[in-house]
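Paired with chain B in one complex and with chain C in the other, chain A is shared by the two complexes that follow.
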Partner chain A sequence: MSVLGRVRARPQATAGVLGRGRARPEATAGVALTLPVAVFFVVFWLVPFLAAIYLSFTDYEMAGTPNWIGLANYERMFADPGFLNSAWITVVYTVCTVVPTIVLALLVAVPLSRPGRLNRGLRALVMIPAVMPLAATSMVWVIIYSDRGLANTLLGLVGIDPQSWLTSSDLAIWALVVMVVWKSMGLFVIILTAGLQALPGEVYEAAAIDGSGAVTTFTRPTLPLLRRTLLFVLVISVAGSMQAFVPAFLLTGGGPADATQVLPYYIWANAFPYEHMGYAAAMGMVLLAAMVIVSALQFGFLKGGDE
Partner chain B sequence: MADLTRRGLLAAGALTLLAGCGRDQPRQQAADGRPHGEVTVWLHGSQDTGQQFQELVHRYIAEFKVDVKLLYLPVGQLDAKLLTAFSGGAPPDVFKIGHWSFPAHAKKKRLAPVDTKALPLQNYEPGTTTPLTYQDVPYGVPIDFNPCMLYYRKDRFEEAGLDPDKPPATWEEVAEYSAKLTSKDGRRVGLQWLYGDPQWALMMLTALVQGKGGELVTAGGTKASLATEQGRGALTYMSGIGNPKLSNPLGALGLFYSGEAAMVVSGAFLGPALEKLGKDTLTFGEQYGVAPMPTWAGGPPVVPAYTWGWGVAEDSPNQFTAWHLVNYLQGAPSVAANLDNGIIIPTRGWRDAGPRGKSEIMKIVADSLPHVDFGPIIPGTLELAKAAAGAVDSVAHGKATPAEAAATFDSTVRLVL
Partner chain C sequence: MRAGTILRTVWLIVAVGFMLLPVYAMLVVASAPDDTDLRGLVFNGFHLPENIRVLFGEGNLPTYLRNSLILCVGTGALDVLFSAAAGYAMAQLSFPGRRVLFALVIGTLALTPMVLVIPVFLIVKELGWVNTFQGMMVPGMISAFGVFLVRQFALGIPKELLLAARADGAGEFRIFARIAVPLLKPALITLFLVHFLGQWDNLLWPLIVANEQELWPLPVGLANFQSEVGFTYHLTTTAALVTAVPPFILMVALQRYYVAGLTFGGLKR
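Right, the complex of A and B next:
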């Protein structure tokens, strides 16, 4: 009997030896062991999620009883300049953090994916920002962006006047983008490096025999073969950016002139300081729907061509 | 059977534990007019008055045998923690919050009205409890009461060829002086607004709009009305003064201290704070002076103001004692100690509580009391202030015209009124 055959035969033999009386305790044990996780999932994920859907149709303001108001919260969004501004800022922020992060991560990952002690060391180095706590990183960047901080010192070296990085409505969003790209890139470098190292070597041997140059090798076999890894990186990167709250909260407080007021920040402001929990829940649902749609589009765009 | 008994015991224990988590104490109202029991107090700390406050609390504990539990919180976290406590049904008995938070909490029935048997309101200067009153019911008493005034740098005035003993009295003069005090690169300015700060933006707009006969929200708090001649004029005026891109770890007050800003609008607390920041380099009467809040030429005086206030939770089981404690904490020793640090508790005769009461800054405060304006006292004050900051900042940063910013303000505020 082949190995596969033996493996397949085992459940039958087990059932025959142990009998039905033993299956029930095993099932009970299985239920008992999964129950805590299931309860956790229901209590801390499912119930809050369903409650949030319900609250999005109410006028709940952290006091009293929620009153059903139908679609009023959803209609309110389209008349709310704050929501429209935040939604736009989120789009800009997402595009401007995701694209450079992935492009730079890929450019760094290609050389770093080659074997060698130096590359192992460099891979560890690029990972450092990713493992630093975001709150601590944000504080460091506040200092970097201060009037006499590192950013302006470097500009001064090349004869450029100091800039008001976090207090200029034109620059603040870009200041956030630079920090987030720096912070996120390391993790994506590691993921892409792993993806690159898993690619079949024969393809590259064939490409070399065909006389393919570095650029052609990168665009033809590498990128298409890396499609699944890129999809993963893209989905988590976009989802992360669309949910980003901490950088805006800690670096700029959504300002100046609401220039960095991303949607998660606006949702938080409505939910807690203003206590419009129903309205915040509705905005949360819209953000969730947008994330689902964007993720589905990414899957559709990058899924094809596996064969 | 033994298993069942064990399970039953465990279940009973768990239920007891859960029941213990709740807070269902009977209300300990003082029928005898004497405080007793336990009171929890949440407040943000102050290095200057903290020790005196602690001593006062210990005296209260010793005198009335009441167990007072203090919890100091960073000022930026107090509102969020308080909201969590209210939502969880376990708020502290006493707390110190900004006047802008009182209407929303009062509307949601989280606040207990002032118990005048424990705390006589007639001890306070007329009008000073108004910002803590909602729908004619007083819900708190003021501490750190701050009518605004103009601080100006005499040394900067001299540099610019202006008379250091003649600060601007009107908004027109402020603009004129600011033009002379602003450097070509904009790194040194005349008057600097407190950009990005909602409450200060609301106060400045209040002064400028109401000083010209306009209003931010119509009487009764039903309609936003910045898209008026007065509103657009105020935004235009503000955008022509100051530099929103200047930054300092201490904000506009730090810019004033450094001399980058020659003028700033602030409260009475700033004088003592400046003396502590730079005792050898920035002295009242030498490097800087104060002046009453400017008015429009020929216009009525409008003095924007803010205050912190003590409140008591509606859910407090010990409201009488809570108000009794607040009354004690607002007594003469506190008034004197706070006054020394530029913090005003506006009980009657507060200026006589200490030598600083006779200072020029405190005279300006006293003279401005009849004209103080706390802006609209409505539950949506936080959103109103945020919208005000949005309007001021967007015009200052050139992101919107005054007309556009005023229209956005009205659209935003309309949703919360």
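Right, the complex of A and C next:
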């Protein structure tokens, strides 16, 4: 019955029948090839995600069983100075890493994307900081920020007294910011350079014929054409900063006096050393919600200009 | 015009110089004989080989290095295998559940690990995998990024190739292995590289799931380095340098794929 219906629905009956004959091994292969991935995503992504939502409404503490406590974790958060402090530090950290990184990366990428042997060499060199592992980078910057390290040496050259970068609660967050700007800059220079090199050359020829200077060439044809690449860089750098755990863990351990306790660090500390898993899950949900809202805003903001 | 060119060149050299300065400082301190000069500006002899020998002789660095290699090569290979199969099937085969699976993969791209680590840890604990290699490896084995990357790439495989192979009587798995995989090779190399570099730098998950020093990969080992050979700045820097070398070698060998991986999603396709 169904086979007849199907054949009648298609004008070229034979092709339809042949197609069905082939569809079976194709479907079997499709299921077989995707089955491991499907099982994996269900077990290690979907189930944990649903479990995290559930845990966020419980008082789960690792030992014992989770008890449903409704919105208590969410209410607790907004009266918890530790959470409010972490949320604020995450905002400051994100804004102060993302904006300078992208501006500096653009200032390097635009001249660097021009052809020439020197530029090709410099482009290769930029990859070295980009490929440094963050863990290794953090250890190196611990040395750079040490009392007799490079940071204080450079300050000494311009007559500024040595600072205790990682142990001063005023400076520590800025020490992290500078390291992260440095670390991400290499990456973003590469991405932006690739984006710039993919732009059509005629645009620049036209701009040159029009007699545009460097600045107008940048603001008129370059920047709008680069919008897609910029959006990509913005989205990944904001998401990366909002989730950043390693710099705070390795450079300062969240200190001194919680001055670098970004939200991911606070979530980790609550979940693992302290085993407040229900509460940590709730904070994770808030972080996730914030990330989704911020990405949506970025897409809306940069897509809006298209019309 | 000429002044502009000179200005641009000077700016680029200064900027790239600043970007390389910390790397240079790392080389200097990692080659120092002791902790007396930490400025990282002037080489005080070249003691890098001795420092490496000390780390490999007295510390656990060889264990960390071995664990990192097992972790990265192992999960990288599995990610390539499973993502190749799933990405190809999702791009080229029609089968029940394809749309649901695609939605699942895309959905996970948005999730932050901070949400998942708690329940995933509980699952791993339930499986009895705490303090095991499978506990460290399996949860991060397949990435949504990988499946998505291969799928986008596999959309470009011409249908006629597959139709011709089917007309010749080739089975679906044979078509995948003999026709699709060779065509997907650039995407698979890119995926392996991106996966390797990400996993090489993964601190959070091993920190949570592995308490035994025998299992620690490099990032966790570096974090606990103070308790190793007695904390010395120059040996810590040498360890950081050793950690940075494998990614650097891979990047030099596979530069083209590295850039392709970084810019995937950023450029117009």
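As a working rule, the second predicted complex is superposed on the first by the 284 of 307 C-alpha atoms of A that agree within 3 Å, B and C clash if a C-alpha of one lies under 4 Å from a C-alpha of the other, contacts with A are read in each partner's own complex, and residues count from 1 in each chain.
Criterion: a contact is a pair of C-beta atoms (placed from the backbone, for glycine too) under 8 Å apart; a residue touches a chain by one contact, two chains touch by 3 or more.
Note that the structure is predicted; figures quoted are calculated from it, not measured.
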Original post:
Does chain B (first) or chain C (second) touch A:Glu275, or do both, or does neither?
Top reply: first
**OP:** Please tell me which partner, chain B or chain C, touches more residues of chain A.
**Re:** C
**OP:** Answer with first, second, both or neither: which of chain B and chain C does A:Ser164 touch in the superposed model?
**Re:** first
**OP:** Using the superposition on chain A described above, determine whether A:Glu75 touches chain B (first), chain C (second), both, or neither.
**Re:** neither
**OP:** Name the contact category of A:Gly64: first (chain B only), second (chain C only), both, or neither.
**Re:** first
Subject >> chain B versus chain C as contact partner of A:Asp210, first or second or both or neither >> reply: neither
Original post:
Which partner does A:Pro129 reach: the first (chain B), the second (chain C), both, or neither?
Top reply: second
**OP:** Could you tell me which stretches of chain A are touched by chain B in one complex and by chain C in the other?
**Re:** 146, 272
**OP:** Over in the complex, which chain C residues touch chain A? Could you list them?
**Re:** 4, 8-9, 11-13, 15-16, 19-23, 25-26, 29, 37-41, 82-83, 85-86, 88-90, 93-98, 101, 104-105, 108, 110-123, 138-139, 141-142, 144, 147, 166, 171-173, 176, 197, 200-201, 203-204, 207-208, 218-219, 222-223, 225, 233, 236-237, 239-241, 243-244, 247-248, 251, 255, 258-259, 262-263, 265-268
Original post:
What part of chain A is in contact with chain B in the complex they form?
Top reply: 61-64, 76, 79-82, 146-147, 164, 166-170, 253, 255-259, 269, 272-276
Original post:
Considering the complex alone, what residue numbers of chain B touch chain A?
Top reply: 79-80, 83, 86-87, 104, 108-110, 195-196, 244-249, 380, 382-383, 386, 389-390, 393-394, 396-399, 408, 411-412, 415-416
Original post:
Which residues of chain A touch chain C in their complex?
Top reply: 22-23, 25-34, 36-38, 40-49, 51-52, 55, 104, 107-108, 111-112, 118-119, 122, 124-129, 131-137, 139-144, 146, 148-150, 153, 182, 185-187, 189-191, 194-195, 198, 214, 228-229, 232-233, 239, 242-243, 245-246, 249-250, 263-264, 267-268, 271-272, 277, 280-281, 284-285, 287-288, 291-292, 295
